[in-house]
Amino acid sequence: MAAARFDPQDPGFAERVRASFDRQGAMHTIGATLTSVEPGSVVIELPWSAGLTQQHGFLHAGMVATALDSACGYAGSSLMAADAGVLTIEYKINLLAPARGQRFRMVGEVLKPGRTITVAEGRAYAIDDGREKLIATMHCTLMAITGRDGIRH
Amino acid sequence: MAAARFDPQDPGFAERVRASFDRQGAMHTIGATLTSVEPGSVVIELPWSAGLTQQHGFLHAGMVATALDSACGYAGSSLMAADAGVLTIEYKINLLAPARGQRFRMVGEVLKPGRTITVAEGRAYAIDDGREKLIATMHCTLMAITGRDGIRH
Amino acid sequence: MAAARFDPQDPGFAERVRASFDRQGAMHTIGATLTSVEPGSVVIELPWSAGLTQQHGFLHAGMVATALDSACGYAGSSLMAADAGVLTIEYKINLLAPARGQRFRMVGEVLKPGRTITVAEGRAYAIDDGREKLIATMHCTLMAITGRDGIRH
Amino acid sequence: MAAARFDPQDPGFAERVRASFDRQGAMHTIGATLTSVEPGSVVIELPWSAGLTQQHGFLHAGMVATALDSACGYAGSSLMAADAGVLTIEYKINLLAPARGQRFRMVGEVLKPGRTITVAEGRAYAIDDGREKLIATMHCTLMAITGRDGIRH
């Protein structure tokens, strides 16, 4: 993961990210919490729940991706201008191990910020009986949007 | 999308897929229904709901991916042996347009089946005021698993 | 693959694409020829050669990708404005079968054109003893660039 | 990038990787050299050359991918059994900046080795007037193949 430090353009980035997170119905549904918002780096956590599972009782890959996509998107958003919205253009996720655990931690980090295009990476960890294991990696491309109806941060 | 027709190894593939789908807590949570199960081709539909949204009120990209991943995975599973489980190794999703609509239709199709590795493609459509629009494409790599504890179809 | 028909913005798109292709040293090196340039659809062909192989004597995946990336990029470029340059932001390639054959055909098609972002898909076929086989699929995201030094079509 | 250290199964991994690299016609064509082979980590370098360019004179994205794919593939191969061949199933590349420079360094590292499936990551750096810049990232899925005709390391 990128170890780079970034300077935010918008000093109010953390409040802006938190307010946007609270508007995501999907984050409420999956029981996710925003546990860290730093410039270019965001952490989201959620507990296991039966409503998020695939057929073997592990977290569904799509639910892992839902939380990871939000972590990456908000990592990108944290470095954007105050009036920019962020859209995920595409992402790829590699599922390294079954999402088995009681709790999950998703870390999104900006690899390269840009005026229009930002590239971010994510890591998903499962916490199973106190041990943390890397279960998925995400690589995503984000676009900053300004002045488009219905798209805000 | 692939127009190829495939011969299933397991004559009971449709019941097997339906039973597995019913065990996915995530599909219940997102309100998804399995509307078609053909050899190498599966359709999943779901209605918009506030609990699935991102900050602009559209379907969260992760929720689109959750349904699309299940459609692709079950398309692959339909061509596998009766005792094989299916795991998603990785997928990529391109989000072509905001997921704005009252209803969503996810089509998963096998591009190339294989003994170990199967490649599938997905298309997500939003139905908005009666018009259907392509909103996302998925490309995913699946693995057939046999004889591993805790992994079944 | 997309069956859509697109209207080009630039009536001189085919000449523009051909002139750009001729400036790609990499296309000369791999022996590629531009065999079709239609709005949103481009075909590139090349023969097998020992200088393009991996360790088993098949075409190297990177060389398949090189030709496929050009096919997708020029498919996108064909729909862009006359003064726009095209950059590949990212692509994913799935290698479905070894690239074994005497000749290879790469088809790039636009799935969704856009003012800034264009999404394209590619298919690579190997022609082996007269039979054509799908060996790889590509999905890529392109960006139109205008007014940036050193970037032209 | 992964900082993990891995134990090779095959004590002769480095010679095996070097011998395979020498059989890749594509590596000769692009002027690539294998500059480091460690367990789970491989570095490949190459100079700029006119025969590897796209229309702006930068390294063609496909050529960056060719070298990066080999770096990732051999990183995976270094941890496999002596009689296993390695196939790239799929990869994704994000192009972060134009490949402008006199020399290029490609680093491939295993993120998660496996009996069948190995996941690796790559970083491509351009060295331009003595300064090194990250220009691309790759994420790829490899498969170990044994006992298949025509596929060896």
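For clarity, chains are labelled A, B, C and D in written order, and residue numbers in each chain start from 1.
In the analysis below, contacts are C-beta pairs under 8 Å (C-beta built on N, C-alpha and C of every residue); 3 or more make two chains touch, one makes a residue touch a chain.
Quick caveat: nothing in here was measured; it's all calculated off a predicted structure.
**Q** Could you name all chains that are in contact with subunit B and with subunit D at the same time?
**A** Chains in contact with subunit B as well as subunit D: A, C.
**Q** With contacts defined as at the top, give the pair, A-C or A-D, that has more of them.
**A** Higher C-beta contact count between the two pairs: A-D.
**Q** Distance between subunit A and subunit D based on Cα centroids, please, to the nearest Å.
**A** Once rounded, the distance between the two centres reads 28 Å.
**Q** In whole angstrom, what separates the CA-based centres of subunit C and subunit D?
**A** Centre-to-centre distance between subunit C and subunit D: 22 Å.
**Q** Between subunit A and subunit C, what distance separates the C-alpha centroids? Give it in angstrom.
**A** Centre-to-centre distance between subunit A and subunit C: 32 Å.
**Q** Could you list the positions in subunit C whose residues touch two or more of the other chains?
**A** Answer for subunit C, listing residues that touch two or more other chains: 89-90, 92, 94, 119, 141.
**Q** Under the touch definition given earlier, write down the residues of subunit A that touch subunit D in their complex.
**A** Within the complex, subunit A contacts subunit D at residues 92, 94, 96-97, 111-112, 119, 121, 134, 137, 139, 141.
**Q** Looking at the complex, which residues from subunit A come into contact with subunit C?
**A** 89-90, 92, 116-117, 119, 141, 143
**Q** Which residues of subunit D touch subunit C in the complex?
**A** Per the touch definition, subunit D meets subunit C at residues 20-21, 23-26, 28-29, 49-56, 60-63, 65-70, 85, 87-95, 98, 150-153.
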